[in-house]
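Supplied in structure tokens, the structure appears directly below.
So that you can tell them apart, the chains are marked A, B, C and D in the order they are listed, and the count of residues begins at 1 in each.
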Amino acid sequence: MNSNNIIETGKTSMVSIKGEIDIYSIEKFRASIEKEIMTQATQIILDCSELSYMDSTGMGVLIELRNKSKEMGQRIIMMNPRPNIKKLLSLTGVDKIIEIVDNPAN
Amino acid sequence: MNSNNIIETGKTSMVSIKGEIDIYSIEKFRASIEKEIMTQATQIILDCSELSYMDSTGMGVLIELRNKSKEMGQRIIMMNPRPNIKKLLSLTGVDKIIEIVDNPAN
Amino acid sequence: MDSIKLTLPTKPEYVSLARLTIASVANNMGFSIGDVEDLKVAVSEACTNALNHSKNPDTTYDLTYIVENQKLVFTVTDRGIGFEPEEVAMPDLNGKQLGGFGIFIIKSLMDRVEIISERGSGTSITMVKNLSTTHEV
Amino acid sequence: MDSIKLTLPTKPEYVSLARLTIASVANNMGFSIGDVEDLKVAVSEACTNALNHSKNPDTTYDLTYIVENQKLVFTVTDRGIGFEPEEVAMPDLNGKQLGGFGIFIIKSLMDRVEIISERGSGTSITMVKNLSTTHEV
């Protein structure tokens, strides 16, 4: 899976999520993903390589967005979440409904 | 002025000062420079490229060490201090008694 | 046994200060990178609850970090409405539930958790992380 | 007007927490990199004085940061022996003097400084940095 190819297909959007997602930054995060859902891309890839922090506030919004995108027939994929975030995705079961991929290129 | 040449002369010691110098780390700083003074090098270059913080506690010890090294006929030179530290060296007059050089290689 | 106290405005933009300070204290104590991340999450979850649920009438709430020999003991205290900790259900982990993860996550990541809450006078959640714990991500 | 309070152990290893927190608050307020560095120095100088000179009988001392519209107002308070601020001489800046730079540096870097000190009951130094100040290093 290569990000350049993906962007070329035109059906996949890629969003880079950076910094910290918590109770303060959550609305900005929600808005940026909702914008992607509106584009009706069939796949939305969240590049989490530079996402340093996320907690239950982020998990809740991920589930919410995934439900919305599913209604639209879209998939959300998280790419390269760091170990600390992966741990929470697994603990909360979010990894059962959102696909998580590790891109070896990163 | 090139750090490799300097080390080759055998009369110059180079010490890399890293991190933060404050009331907590000051004794370690003092000890590491005193060790260099003991080697009787004619010049002691403090490489400050990776020194992110220093306050009046550091200024006081710099003056003290400079006095000691002067007695031994040695020079202390600060290389590449960052702008915030340069500002304090100038404010306190320490830059009048300790030579400050900017190494363009860095 | 050193004790650090932090009083923060009851506003989302200051929760990062709780993380920043606990990370610094835990780093100096020698906690692993993974444990430091877990401590950041635990303290944030507790702060987030104080902001979301406590209806804290005060403009501030309190954090305390106590550096003990082999553990970090920390508490988040609000002066809000309180709740019954025993009545909080374990969340469904099937991806259907949107919330209810906070206390579950705290309990999963920390070695010991104690919640003292009184209706009308507030909540205090104390979390303990042992230095020796070596379960790593 | 948000207010953050920090109570630190009277020990050198925690002065970095004062810097860390003021840097975070100042960054969020939009202070320049140079101003943030100056704020770190000012708060550290005040903490260092509380540790070196106050003979604080308490195991802790206090910091307060007040985020105002266009300025950061912060105070370091110890419950030590106190001193006469007017009697502190301006340091010689000829490289001969080993100490006495702390208050001078604070006054040079900050926009306003007020020291309230009482013999036997302690010292409180309040420093103000305006956001608009644009003298940069």
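General remarks:
Everything that follows uses one rule, which is that a contact is a pair of C-beta atoms (placed from the backbone, for glycine too) under 8 Å apart; a residue touches a chain by one contact, two chains touch by 3 or more.
This structure is a prediction, so every number in the text was calculated from the model and none was measured.
Counting hops only between chains that touch, chain A reaches chain C in a minimum of 1.
The greatest centre-to-centre distance from chain D, using averaged C-alpha positions, is reached by A. Work out the mean CA point of chain C and of chain D, and you get 29 Å between them. Chain B has its Cα centroid 48 Å from the Cα centroid of chain A. With centres defined as mean CA coordinates, chain D is found 26 Å away from chain B. Here the spacing of chain B and chain C, counted between their Cα centres, is 43 Å. Among the residues of chain C, those touching two or more other chains are numbered 13, 16. Contact between chains, per the stated criterion, is found for A-C, B-D, C-D.
Interface residues of chain D, counted against chain C in their complex, comprise 2-9, 11, 13-14, 16-17, 20-21, 24-25, 28, 59-60. Across the complex, chain D is touched by residues 20, 22-24, 53, 55-57, 59-60, 63-64, 66, 83-84, 86-88, 91-94, 96-98 of chain B.
Of all residues in chain C, only 12-13, 15-16, 19, 34, 37-38, 40-41, 44-45, 47-48, 51-52, 91-99, 101-102, 104-105, 108, 137 touch chain A in the complex they form.
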